[in-house]
Amino acid sequence: MPYVNIQVTREGVTPAQKARLIKGATDLLADVLGKNPSTTFVVIEEVEFENWGIGGLPVQEYRARPGSE
Amino acid sequence: MPYVNIQVTREGVTPAQKARLIKGATDLLADVLGKNPSTTFVVIEEVEFENWGIGGLPVQEYRARPGSE
Amino acid sequence: MPYVNIQVTREGVTPAQKARLIKGATDLLADVLGKNPSTTFVVIEEVEFENWGIGGLPVQEYRARPGSE
Amino acid sequence: MPYVNIQVTREGVTPAQKARLIKGATDLLADVLGKNPSTTFVVIEEVEFENWGIGGLPVQEYRARPGSE
Amino acid sequence: MPYVNIQVTREGVTPAQKARLIKGATDLLADVLGKNPSTTFVVIEEVEFENWGIGGLPVQEYRARPGSE
Amino acid sequence: MPYVNIQVTREGVTPAQKARLIKGATDLLADVLGKNPSTTFVVIEEVEFENWGIGGLPVQEYRARPGSE
(Lines give C-alpha, C1' and ligand atoms only; values in the text may rest on other atoms or scores of the structure.)
Protein backbone atom coordinates (compact mmCIF):
# COMPACT_ATOMS: atom_id res chain seq x y z
CA MET A 1 0.00 0.00 0.00
CA PRO A 2 2.87 2.38 -0.54
CA TYR A 3 2.64 5.92 -1.83
CA VAL A 4 5.66 7.28 -3.69
CA ASN A 5 5.99 10.94 -4.62
CA ILE A 6 8.71 11.88 -7.11
CA GLN A 7 9.53 15.56 -7.58
CA VAL A 8 11.74 16.61 -10.48
CA THR A 9 12.32 19.81 -12.38
CA ARG A 10 10.05 20.24 -15.41
CA GLU A 11 12.36 19.80 -18.35
CA GLY A 12 10.83 17.63 -20.99
CA VAL A 13 10.28 14.36 -19.16
CA THR A 14 8.50 12.18 -21.72
CA PRO A 15 5.51 9.94 -21.08
CA ALA A 16 7.74 6.93 -21.74
CA GLN A 17 10.21 8.10 -19.10
CA LYS A 18 7.36 8.66 -16.66
CA ALA A 19 6.11 5.14 -17.33
CA ARG A 20 9.58 3.84 -16.54
CA LEU A 21 9.68 5.79 -13.28
CA ILE A 22 6.26 4.39 -12.32
CA LYS A 23 7.28 0.85 -13.21
CA GLY A 24 10.65 1.14 -11.51
CA ALA A 25 9.35 2.58 -8.25
CA THR A 26 6.56 0.00 -8.09
CA ASP A 27 8.96 -2.87 -8.74
CA LEU A 28 11.34 -1.51 -6.10
CA LEU A 29 8.64 -1.63 -3.43
CA ALA A 30 7.63 -5.12 -4.52
CA ASP A 31 11.20 -6.40 -4.57
CA VAL A 32 12.39 -4.90 -1.29
CA LEU A 33 9.24 -5.03 0.84
CA GLY A 34 6.95 -7.42 -0.99
CA LYS A 35 4.36 -4.69 -1.57
CA ASN A 36 1.44 -5.42 -3.87
CA PRO A 37 1.74 -3.38 -7.09
CA SER A 38 -2.04 -3.10 -7.38
CA THR A 39 -2.08 -0.93 -4.25
CA THR A 40 1.11 1.01 -4.93
CA PHE A 41 0.65 4.62 -6.04
CA VAL A 42 3.36 6.66 -7.74
CA VAL A 43 2.76 10.38 -8.23
CA ILE A 44 5.22 12.43 -10.27
CA GLU A 45 5.36 16.19 -9.76
CA GLU A 46 7.16 18.36 -12.27
CA VAL A 47 8.39 21.62 -10.81
CA GLU A 48 9.21 24.74 -12.83
CA PHE A 49 12.87 25.80 -12.74
CA GLU A 50 12.10 29.07 -11.03
CA ASN A 51 10.22 27.17 -8.28
CA TRP A 52 13.11 24.88 -7.34
CA GLY A 53 16.01 26.15 -5.30
CA ILE A 54 19.32 24.63 -4.31
CA GLY A 55 22.32 26.31 -2.77
CA GLY A 56 20.13 29.33 -2.08
CA LEU A 57 19.51 29.93 -5.79
CA PRO A 58 16.85 29.04 -8.34
CA VAL A 59 18.08 25.94 -10.13
CA GLN A 60 18.95 27.65 -13.41
CA GLU A 61 21.18 30.18 -11.69
CA TYR A 62 22.67 27.37 -9.63
CA ARG A 63 23.52 25.34 -12.71
CA ALA A 64 24.99 28.40 -14.43
CA ARG A 65 27.54 28.92 -11.68
CA PRO A 66 31.13 28.13 -12.64
CA GLY A 67 32.00 24.62 -11.58
CA SER A 68 28.44 23.55 -10.82
CA GLU A 69 27.04 20.23 -12.02
CA MET B 1 -5.25 23.87 12.70
CA PRO B 2 -5.35 20.95 10.33
CA TYR B 3 -3.86 20.81 6.87
CA VAL B 4 -5.53 18.47 4.37
CA ASN B 5 -3.96 17.66 1.01
CA ILE B 6 -6.16 15.93 -1.55
CA GLN B 7 -4.50 14.51 -4.67
CA VAL B 8 -6.67 13.36 -7.55
CA THR B 9 -6.16 12.79 -11.24
CA ARG B 10 -6.87 15.85 -13.37
CA GLU B 11 -10.05 14.97 -15.18
CA GLY B 12 -12.46 17.83 -15.21
CA VAL B 13 -13.09 18.41 -11.54
CA THR B 14 -15.34 21.46 -11.48
CA PRO B 15 -15.05 24.44 -9.14
CA ALA B 16 -18.33 23.37 -7.54
CA GLN B 17 -16.94 19.91 -6.85
CA LYS B 18 -13.78 21.42 -5.41
CA ALA B 19 -15.88 23.62 -3.14
CA ARG B 20 -17.70 20.50 -1.92
CA LEU B 21 -14.39 18.75 -1.21
CA ILE B 22 -13.18 21.78 0.75
CA LYS B 23 -16.43 22.05 2.69
CA GLY B 24 -16.59 18.32 3.33
CA ALA B 25 -13.02 17.95 4.54
CA THR B 26 -13.32 20.99 6.79
CA ASP B 27 -16.58 19.75 8.29
CA LEU B 28 -15.04 16.32 8.83
CA LEU B 29 -12.21 17.77 10.92
CA ALA B 30 -14.66 19.91 12.87
CA ASP B 31 -17.05 17.03 13.50
CA VAL B 32 -14.50 14.39 14.47
CA LEU B 33 -11.84 16.45 16.23
CA GLY B 34 -13.53 19.75 16.97
CA LYS B 35 -11.09 21.65 14.78
CA ASN B 36 -11.78 25.29 14.04
CA PRO B 37 -12.71 25.75 10.35
CA SER B 38 -11.10 29.18 10.26
CA THR B 39 -7.69 27.56 10.73
CA THR B 40 -8.30 24.47 8.57
CA PHE B 41 -6.54 24.46 5.20
CA VAL B 42 -7.55 22.18 2.33
CA VAL B 43 -5.26 22.03 -0.70
CA ILE B 44 -6.36 20.10 -3.79
CA GLU B 45 -3.72 18.91 -6.24
CA GLU B 46 -4.78 17.71 -9.67
CA VAL B 47 -2.30 15.30 -11.22
CA GLU B 48 -2.00 14.57 -14.95
CA PHE B 49 -2.87 11.01 -15.96
CA GLU B 50 0.64 10.30 -17.18
CA ASN B 51 2.04 11.42 -13.81
CA TRP B 52 -0.06 9.01 -11.72
CA GLY B 53 0.82 5.36 -11.54
CA ILE B 54 -0.92 2.36 -10.04
CA GLY B 55 -0.15 -1.30 -10.52
CA GLY B 56 3.14 -0.28 -12.09
CA LEU B 57 1.38 1.53 -14.95
CA PRO B 58 0.30 5.07 -15.77
CA VAL B 59 -3.34 5.33 -14.76
CA GLN B 60 -4.76 5.36 -18.27
CA GLU B 61 -3.02 2.14 -19.20
CA TYR B 62 -4.07 0.69 -15.87
CA ARG B 63 -7.73 1.54 -16.47
CA ALA B 64 -7.56 0.15 -19.99
CA ARG B 65 -6.52 -3.28 -18.77
CA PRO B 66 -9.17 -5.98 -19.13
CA GLY B 67 -11.08 -6.36 -15.89
CA SER B 68 -9.72 -3.21 -14.26
CA GLU B 69 -11.99 -0.75 -12.47
CA MET C 1 -7.41 6.72 -7.04
CA PRO C 2 -7.15 9.63 -4.63
CA TYR C 3 -4.55 10.16 -1.98
CA VAL C 4 -5.56 12.23 1.04
CA ASN C 5 -3.04 13.44 3.60
CA ILE C 6 -4.39 14.85 6.87
CA GLN C 7 -2.00 16.65 9.19
CA VAL C 8 -3.12 17.50 12.71
CA THR C 9 -1.37 18.29 15.96
CA ARG C 10 -0.64 15.24 18.09
CA GLU C 11 -3.01 15.58 20.99
CA GLY C 12 -4.65 12.31 21.81
CA VAL C 13 -6.49 11.48 18.62
CA THR C 14 -7.99 8.04 19.29
CA PRO C 15 -8.04 5.08 16.91
CA ALA C 16 -11.83 5.47 16.69
CA GLN C 17 -11.48 9.11 15.65
CA LYS C 18 -8.86 8.16 13.08
CA ALA C 19 -11.20 5.52 11.68
CA ARG C 20 -13.88 8.19 11.35
CA LEU C 21 -11.48 10.50 9.52
CA ILE C 22 -10.54 7.68 7.13
CA LYS C 23 -14.16 6.74 6.53
CA GLY C 24 -15.26 10.34 6.13
CA ALA C 25 -12.53 11.34 3.70
CA THR C 26 -13.08 8.21 1.61
CA ASP C 27 -16.82 8.77 1.48
CA LEU C 28 -16.29 12.40 0.53
CA LEU C 29 -14.22 11.44 -2.52
CA ALA C 30 -16.78 8.80 -3.49
CA ASP C 31 -19.74 11.16 -3.07
CA VAL C 32 -18.27 14.20 -4.82
CA LEU C 33 -16.12 12.60 -7.54
CA GLY C 34 -17.32 9.02 -7.71
CA LYS C 35 -13.91 7.70 -6.65
CA ASN C 36 -13.58 4.02 -5.84
CA PRO C 37 -12.97 3.54 -2.09
CA SER C 38 -10.81 0.48 -2.76
CA THR C 39 -8.20 2.71 -4.39
CA THR C 40 -8.51 5.67 -2.05
CA PHE C 41 -5.66 6.13 0.44
CA VAL C 42 -5.93 8.29 3.55
CA VAL C 43 -2.75 8.98 5.51
CA ILE C 44 -2.96 10.79 8.86
CA GLU C 45 0.13 12.54 10.20
CA GLU C 46 0.23 13.65 13.81
CA VAL C 47 2.60 16.55 14.40
CA GLU C 48 4.12 17.45 17.78
CA PHE C 49 3.05 20.82 19.18
CA GLU C 50 6.56 22.21 19.01
CA ASN C 51 6.77 21.26 15.33
CA TRP C 52 3.65 23.15 14.26
CA GLY C 53 3.68 26.89 13.89
CA ILE C 54 0.98 29.45 13.25
CA GLY C 55 1.17 33.21 13.54
CA GLY C 56 4.94 32.88 13.74
CA LEU C 57 4.74 30.89 17.00
CA PRO C 58 4.74 27.25 18.02
CA VAL C 59 1.12 26.27 18.43
CA GLN C 60 1.14 26.10 22.21
CA GLU C 61 2.46 29.63 22.54
CA TYR C 62 -0.01 30.73 19.91
CA ARG C 63 -2.93 29.24 21.79
CA ALA C 64 -1.72 30.76 25.06
CA ARG C 65 -1.89 34.28 23.66
CA PRO C 66 -4.68 36.44 25.06
CA GLY C 67 -7.67 36.37 22.74
CA SER C 68 -6.47 33.43 20.64
CA GLU C 69 -8.79 30.61 19.67
CA MET D 1 20.24 18.30 3.82
CA PRO D 2 16.90 19.97 4.44
CA TYR D 3 13.93 19.95 2.12
CA VAL D 4 11.57 22.91 2.33
CA ASN D 5 8.20 22.94 0.58
CA ILE D 6 6.38 26.28 0.34
CA GLN D 7 2.77 26.27 -0.81
CA VAL D 8 1.10 29.57 -1.70
CA THR D 9 -1.86 30.61 -3.77
CA ARG D 10 -1.03 31.34 -7.40
CA GLU D 11 -1.38 35.06 -7.68
CA GLY D 12 1.43 36.58 -9.64
CA VAL D 13 4.46 35.63 -7.58
CA THR D 14 7.39 36.93 -9.62
CA PRO D 15 10.65 35.11 -10.32
CA ALA D 16 12.44 37.70 -8.17
CA GLN D 17 10.11 37.01 -5.25
CA LYS D 18 10.64 33.28 -5.69
CA ALA D 19 14.39 33.81 -5.64
CA ARG D 20 14.01 35.73 -2.37
CA LEU D 21 11.94 32.88 -0.87
CA ILE D 22 14.60 30.37 -1.92
CA LYS D 23 17.42 32.50 -0.55
CA GLY D 24 15.57 33.28 2.66
CA ALA D 25 14.57 29.71 3.44
CA THR D 26 18.07 28.43 2.70
CA ASP D 27 19.68 31.10 4.89
CA LEU D 28 17.22 30.31 7.68
CA LEU D 29 18.25 26.65 7.76
CA ALA D 30 21.93 27.64 7.66
CA ASP D 31 21.56 30.23 10.42
CA VAL D 32 19.43 28.19 12.82
CA LEU D 33 20.72 24.66 12.25
CA GLY D 34 24.01 25.15 10.42
CA LYS D 35 22.71 23.31 7.35
CA ASN D 36 24.82 23.35 4.20
CA PRO D 37 23.10 25.45 1.50
CA SER D 38 24.51 23.21 -1.24
CA THR D 39 22.30 20.37 0.01
CA THR D 40 19.24 22.43 0.90
CA PHE D 41 16.30 22.11 -1.48
CA VAL D 42 13.44 24.61 -1.62
CA VAL D 43 10.39 23.73 -3.70
CA ILE D 44 7.64 26.31 -4.23
CA GLU D 45 4.17 25.13 -5.19
CA GLU D 46 1.64 27.63 -6.49
CA VAL D 47 -1.93 26.55 -5.93
CA GLU D 48 -4.93 27.83 -7.90
CA PHE D 49 -7.46 29.82 -5.86
CA GLU D 50 -10.19 27.29 -6.44
CA ASN D 51 -7.91 24.52 -5.13
CA TRP D 52 -7.16 26.17 -1.78
CA GLY D 53 -9.72 26.17 0.98
CA ILE D 54 -9.87 27.87 4.35
CA GLY D 55 -12.80 28.21 6.69
CA GLY D 56 -14.61 25.62 4.60
CA LEU D 57 -14.58 27.84 1.52
CA PRO D 58 -12.43 28.28 -1.57
CA VAL D 59 -10.04 31.11 -0.80
CA GLN D 60 -11.68 33.68 -3.04
CA GLU D 61 -15.04 33.22 -1.40
CA TYR D 62 -13.35 33.27 1.98
CA ARG D 63 -11.65 36.56 1.24
CA ALA D 64 -14.87 38.06 -0.09
CA ARG D 65 -16.66 37.48 3.18
CA PRO D 66 -17.44 40.63 5.17
CA GLY D 67 -14.72 41.24 7.75
CA SER D 68 -12.28 38.69 6.37
CA GLU D 69 -8.61 39.49 5.84
CA MET E 1 17.98 17.29 -8.14
CA PRO E 2 15.05 15.02 -7.48
CA TYR E 3 13.22 14.56 -4.21
CA VAL E 4 11.56 11.20 -3.63
CA ASN E 5 9.16 10.58 -0.74
CA ILE E 6 8.23 6.99 0.03
CA GLN E 7 5.38 6.33 2.45
CA VAL E 8 4.82 2.83 3.77
CA THR E 9 3.10 1.33 6.76
CA ARG E 10 5.36 0.90 9.79
CA GLU E 11 5.83 -2.82 10.05
CA GLY E 12 9.43 -3.69 10.75
CA VAL E 13 11.21 -2.28 7.73
CA THR E 14 14.89 -2.92 8.48
CA PRO E 15 17.75 -0.48 7.97
CA ALA E 16 19.06 -2.77 5.23
CA GLN E 17 15.72 -2.65 3.41
CA LYS E 18 15.66 1.13 3.76
CA ALA E 19 19.16 1.31 2.30
CA ARG E 20 17.94 -0.75 -0.66
CA LEU E 21 14.98 1.58 -1.18
CA ILE E 22 17.30 4.59 -1.10
CA LYS E 23 19.75 2.99 -3.50
CA GLY E 24 17.01 1.75 -5.81
CA ALA E 25 15.14 5.04 -6.04
CA THR E 26 18.36 6.98 -6.61
CA ASP E 27 19.49 4.58 -9.34
CA LEU E 28 16.07 4.80 -10.97
CA LEU E 29 16.29 8.57 -11.31
CA ALA E 30 19.85 8.30 -12.62
CA ASP E 31 18.96 5.59 -15.14
CA VAL E 32 15.74 7.11 -16.48
CA LEU E 33 16.47 10.82 -16.30
CA GLY E 34 20.23 11.04 -15.86
CA LYS E 35 19.86 12.71 -12.47
CA ASN E 36 22.96 13.19 -10.34
CA PRO E 37 22.81 10.90 -7.27
CA SER E 38 24.69 13.46 -5.17
CA THR E 39 21.71 15.79 -5.41
CA THR E 40 18.98 13.16 -5.15
CA PHE E 41 17.13 13.00 -1.84
CA VAL E 42 15.05 10.02 -0.73
CA VAL E 43 12.90 10.40 2.38
CA ILE E 44 11.09 7.37 3.80
CA GLU E 45 8.08 7.88 6.03
CA GLU E 46 6.74 5.00 8.09
CA VAL E 47 3.07 5.38 8.95
CA GLU E 48 1.34 3.62 11.85
CA PHE E 49 -1.35 1.13 10.83
CA GLU E 50 -4.11 3.11 12.49
CA ASN E 51 -3.04 6.20 10.52
CA TRP E 52 -3.30 4.60 7.07
CA GLY E 53 -6.65 4.02 5.46
CA ILE E 54 -7.72 2.19 2.34
CA GLY E 55 -11.21 1.22 1.25
CA GLY E 56 -12.56 3.52 3.94
CA LEU E 57 -10.95 1.45 6.72
CA PRO E 58 -7.76 1.54 8.77
CA VAL E 59 -5.35 -0.82 7.06
CA GLN E 60 -5.51 -3.57 9.66
CA GLU E 61 -9.29 -3.81 9.42
CA TYR E 62 -8.99 -3.68 5.64
CA ARG E 63 -6.54 -6.56 5.56
CA ALA E 64 -8.71 -8.59 7.96
CA ARG E 65 -11.66 -8.49 5.60
CA PRO E 66 -12.53 -11.79 3.93
CA GLY E 67 -11.00 -11.92 0.49
CA SER E 68 -8.73 -8.91 0.94
CA GLU E 69 -5.09 -8.95 -0.14
CA MET F 1 -2.37 31.61 3.60
CA PRO F 2 0.89 29.80 3.04
CA TYR F 3 1.81 26.33 4.19
CA VAL F 4 5.50 25.64 4.75
CA ASN F 5 6.84 22.13 5.35
CA ILE F 6 10.41 21.82 6.60
CA GLN F 7 12.03 18.38 6.59
CA VAL F 8 15.31 17.88 8.42
CA THR F 9 17.15 14.92 9.86
CA ARG F 10 16.32 14.19 13.48
CA GLU F 11 19.42 15.17 15.34
CA GLY F 12 18.61 17.08 18.46
CA VAL F 13 16.81 20.13 17.09
CA THR F 14 15.77 22.03 20.21
CA PRO F 15 12.38 23.65 20.82
CA ALA F 16 14.10 27.03 20.70
CA GLN F 17 15.56 26.25 17.27
CA LYS F 18 12.17 25.09 16.06
CA ALA F 19 10.62 28.32 17.29
CA ARG F 20 13.24 30.24 15.31
CA LEU F 21 12.46 28.21 12.17
CA ILE F 22 8.74 28.90 12.60
CA LYS F 23 9.32 32.61 13.19
CA GLY F 24 11.81 32.88 10.34
CA ALA F 25 9.67 31.12 7.76
CA THR F 26 6.59 33.11 8.75
CA ASP F 27 8.47 36.40 8.56
CA LEU F 28 9.89 35.42 5.17
CA LEU F 29 6.43 34.92 3.69
CA ALA F 30 5.25 38.18 5.23
CA ASP F 31 8.27 40.15 3.98
CA VAL F 32 8.41 38.76 0.44
CA LEU F 33 4.74 38.22 -0.36
CA GLY F 34 2.90 40.20 2.31
CA LYS F 35 1.27 37.06 3.70
CA ASN F 36 -0.67 37.32 6.95
CA PRO F 37 1.21 35.49 9.74
CA SER F 38 -2.07 34.51 11.40
CA THR F 39 -2.87 32.25 8.44
CA THR F 40 0.66 30.98 7.82
CA PHE F 41 1.33 27.38 8.88
CA VAL F 42 4.81 25.96 9.38
CA VAL F 43 5.15 22.21 9.91
CA ILE F 44 8.54 20.74 10.82
CA GLU F 45 9.18 17.06 10.15
CA GLU F 46 12.17 15.36 11.72
CA VAL F 47 13.35 12.34 9.78
CA GLU F 48 15.44 9.50 11.23
CA PHE F 49 18.93 9.15 9.74
CA GLU F 50 18.18 5.74 8.32
CA ASN F 51 15.11 7.15 6.55
CA TRP F 52 16.96 9.91 4.69
CA GLY F 53 19.05 9.12 1.67
CA ILE F 54 21.41 11.19 -0.43
CA GLY F 55 23.87 10.05 -3.05
CA GLY F 56 22.18 6.67 -2.99
CA LEU F 57 23.11 6.11 0.67
CA PRO F 58 21.49 6.57 4.06
CA VAL F 59 22.70 9.90 5.37
CA GLN F 60 25.02 8.51 8.00
CA GLU F 61 26.89 6.38 5.49
CA TYR F 62 26.96 9.33 3.12
CA ARG F 63 28.50 11.61 5.73
CA ALA F 64 31.03 8.94 6.66
CA ARG F 65 32.44 8.82 3.14
CA PRO F 66 35.89 10.31 2.70
CA GLY F 67 35.61 13.88 1.49
CA SER F 68 31.89 14.23 2.14
CA GLU F 69 30.48 17.30 3.87
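In order of appearance the chains are A, B, C, D, E and F, and numbering begins at 1 in each one.
Simple rule for what comes next: a contact is a pair of C-beta atoms (placed from the backbone, for glycine too) under 8 Å apart; a residue touches a chain by one contact, two chains touch by 3 or more.
Remember, predicted model here, so these are calculated numbers, not experimental data.
Between subunit C and subunit D, the least number of touching-chain steps is 2. Counting only chains that touch, the fewest steps needed to get from subunit A to subunit D is 1. Centroid distances built from C-alpha atoms place A farthest away from subunit C.
Counting every residue number used by either copy at the subunit D-subunit F contact, over half are found in both chains.
Ranked by distance of CA centroids from subunit F, the top chain is B.
Centre-to-centre separation between subunit A and subunit B, using Cα means, comes to 20 Å.
Chain geometry summary: the mean Cα position of subunit A and that of subunit C are 26 Å apart.
Residue positions of subunit B with contacts to 2 or more other chains are 1, 3, 7, 21, 25, 38-39, 41, 43, 52, 54. Those chain pairs judged to touch are A-B, A-C, A-D, A-E, B-C, B-D, B-F, C-E, C-F, D-E, D-F, E-F.
Those residues of subunit E that touch subunit F in the shared complex are 15, 18-19, 21-23, 25-27, 37-46. Contacts from subunit B toward subunit F in the complex involve residues 1, 3, 39, 41, 43. Taken in their complex, subunit D has these residues touching subunit F: 1-9, 13, 17, 20-21, 24-25, 28-29, 31-33, 35-36, 38-39, 52, 54, 59, 69.
Those residues of subunit A that touch subunit D in the complex are listed here as 7, 47, 50-58, 61.
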